[in-house]
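One chain, subunit A, links the two complexes that follow: it is found with subunit B in the first and with subunit C in the second.
This part shows the complex of A and B:
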């Protein structure tokens, strides 16, 4: 781990990201959605979290996936791997950039949709863990993509499952199998936010945060494991 | 004091076929070494060399970040290699001084190829291997790359150039090697002028090598290396390992010189190395060819009246 290398990768990726409009325009998607939701006058937690959960997938996971896929597409990853920079440096540099972009987007979405959470600290922890989780999801997705085009296809099921997954719980009364959707990180963060609005107990807070934490640990462990396996050649 | 660096690479087989033989190289420090070979052997070599911790490998198709400007790209590479080189110095070396704020996607192919050489200058490793440094470059870029390679030498680095084009290897190298399935052969490359002086002295030296001329340089081949010699429109071409080299001697002179080495004038415009003949092909009653046992399938015509003489030599 070397700070100057991570910084070089961070700056390089920031310039590449900001000049690649095909990818950076995705940042606007949750913001526009939050703005429209605000204008239509919704005021329940479920609706507030749609643009936020969309920001997690269409910005955090998608941008991370694209940044790595583009390195593969342009053959630059091989040059990077031959340089003194390690895979860890490369991923950390990118993840830091994606984390910053996501944090700004999510906060702007919350502001635009007009949501005022009951407890900023507890929700902040959950948002932080979520961004780390979706960054890992994007990194994992990049393992199976070689071009930006493929990345934008891979991201579709992720958006469907994780951003719109919470709506599946509504259908769970008719189809009991869909009760599993309750344990998605995107559903858990909504449950957390709902309990923050009323008087909450310790377990109301701990269960969602622990669930998101477990998702994060699992996704990063499997990502690191698969990268070690696949990147050897 | 110049020390030698040694590199050893094991032989490489695919399904029992020899792709690349075992190589042992002694490299002189601060020199540019060119290795000329075919694509399969170069690909294998690059893989083997890249795993050596002493070596920095620069591939032919290393990608560039299209949306960065030249200056930003240099900053990035410096960050990756923890280097402290003046940007201006690098820009001057590669002739990008007035284009530093141009994005890489706007550059021509030659300019991109120049840019990919930046890591060679700023990394710490003593040996730099560059695959195809001159391929498809325009004249100006070739000159720039040549100066760049010389400045690498000044930085006390050893440079190895890999190419499947002899001209490109000859352009910059101090030592030239040819890699074929038998191993690594050092080519005797001499500048043109000293040889001219030698000629004018008119001393009766017994000289057995065949001089050929390529790219203003004179290359001397041992007779057994030669596959065959052809005369096309008054120009004599010597074929060695699938590559051709123009020669200033006439076919008659060559025939006299080469007959003791087992060469045979099989046609009015061909001399063939009999050691390399694998098969005598009979097309019709009056038309014959010789098939050569070389890396590529070569077929040399055989005149009908020479067939009798050939049969006598072979002893059938």
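This part shows the complex of A and C:
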């Protein structure tokens, strides 16, 4: 791992992102939603988390997926792989930008929607892990596909599933299969936020955080595995 | 270790289909070595195996005296440069920004960007976005990127295909300069004249096998029929063996002032390729 290489990839990505309006405009989506929600006067956790989960999927996962898919399609990723930059230099450098943009977008969404979490520290940990998870999800989606077009098609149902997964739990009473949606990171973070509003126990905090952590580890191990495979034809 | 690349009985299959059948060759330090073969003959596959982008099925492949697999290591990657037909550049970034990324990845001083751009004669367009460049210019930027760390070994996969003669000449000059500075070059091409102008030695690759190998002069000698043609002033041409028995004919013609031109009948590389493979290049 080499800090100046990571930084160089980050700076490169920032320049590309800021000139790629088709992708950078996605940042506005959760912000607009948060703003509108605030104006309609919602005041429950479920509603607060709609723009937040949308930021995770349409900014974190989607933008990451587009950026990496483009590098694949244009063969710039292969060129990076053939330079002395290591796997971690490239994956970290390529995740840092989306991570930073996501962090800002999520915080702005929270502010715009008018949400004031019960415990900033605990929620902060969950938000941090979630961003890491969705960055991995976007990377994985891009590594699976060959072109930007393919990638955006693949990532779409994933976005829908993770953004609106929490709503599936409501339907779970009639369709028991949907109970698995309870274990999605997007549902778990809502459950966590809801407990933070009342007097919560250790397990109320640990279960969601551990669940998101496990998702994060699994997604990144798969990403690293697939990346290594993509290094050879 | 004097061989920068050493390949023995290399075999590569893609799902039972043979891409490389049995390839053996080695490249000495400081050489420009050309892999000449029609498209589909296995040139790119060879380069990919040597740069750890593909795994081989059988045989040995050594680069810098190490198993080619080890070229995936960061420290080994810093020792070679590679230019392929699909080496990507960032279209939204300027020429300078593209190279500046790589100067940091290779841990080079800032001056390396300017040096590399001057090398390919593109310093004036450094502020231009890559998307605004012509194909030839893009190829030169990619070349600049692949040589900016002054690699010991340079892989070039059809570096001048689809370039006009002026750009091609630019690239040739750059490559010769680089070679004089000590870079060993492994070049693939399907252009015979390119192989002849640039390469110290060439190998003919056909259907995953090397059919002939040597310097262009050696090959021409080996596959030439050792005849000379004498053209007389009356326009008649006489193809004669280059040997003692025929000397008298030439002597007599020359004494009578009948000769207008004499030349050896060297085969072109294309002729030789046809002879050893039974098929045309391309």
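In the analysis below, the second predicted complex is superposed on the first by the 232 of 233 C-alpha atoms of A that agree within 3 Å, B and C clash if a C-alpha of one lies under 4 Å from a C-alpha of the other, contacts with A are read in each partner's own complex, and residues count from 1 in each chain.
To be clear about the criterion, a residue touches a chain if its C-beta (ideal position, glycine included) is under 8 Å from a C-beta of that chain, and two chains touch if they have at least 3 such contacts.
Because the structure is a prediction, the values reported are computed rather than measured.
Enquirer: Both complexes share subunit A, so when I overlay them there, do subunit B and subunit C fit or clash?
Expert: clash
Enquirer: Just to be sure I read the superposition right, which of the two partners does A:16 touch: subunit B = first, subunit C = second, or both, or neither?
Expert: Both subunit B and subunit C are touched by A:16.
Enquirer: After superposition on the shared chain, which partner residues are touched by A:79: those of subunit B (first), subunit C (second), both, or neither?
Expert: A:79 contacts both subunit B and subunit C.
Enquirer: Considering only the listed stretches 199-207, 271-279, 289-297 or 307-315 of subunit B, which one runs into subunit C in the superposition?
Expert: 289-297
Enquirer: Output the subunit A positions appearing in both contact lists, the one against subunit B and the one against subunit C.
Expert: 2, 4-5, 7-9, 11-12, 15-16, 19-20, 71, 74-80, 82-85
Enquirer: Mind pulling up the subunit B residues that touch subunit A in the complex?
Expert: 50, 56-57, 59, 61-68, 72, 75-76, 78-82, 103, 119, 123
Enquirer: Using the touch definition up top, name the residues of subunit A that touch subunit C in the complex.
Expert: Residues 2, 4-5, 7-9, 11-12, 15-16, 19-20, 71, 74-80, 82-86, 89, 231-233.
Enquirer: Could you please specify the touching residues of subunit C with respect to subunit A in the complex?
Expert: 48, 51-55, 72, 74-75, 77-78, 82, 86-93, 97, 100-102, 104-107, 145
Enquirer: Which part of subunit A faces subunit B closely enough to touch in the complex?
Expert: It is residues 2, 4-5, 7-9, 11-12, 15-16, 19-20, 71, 74-80, 82-85 of subunit A that touch subunit B.
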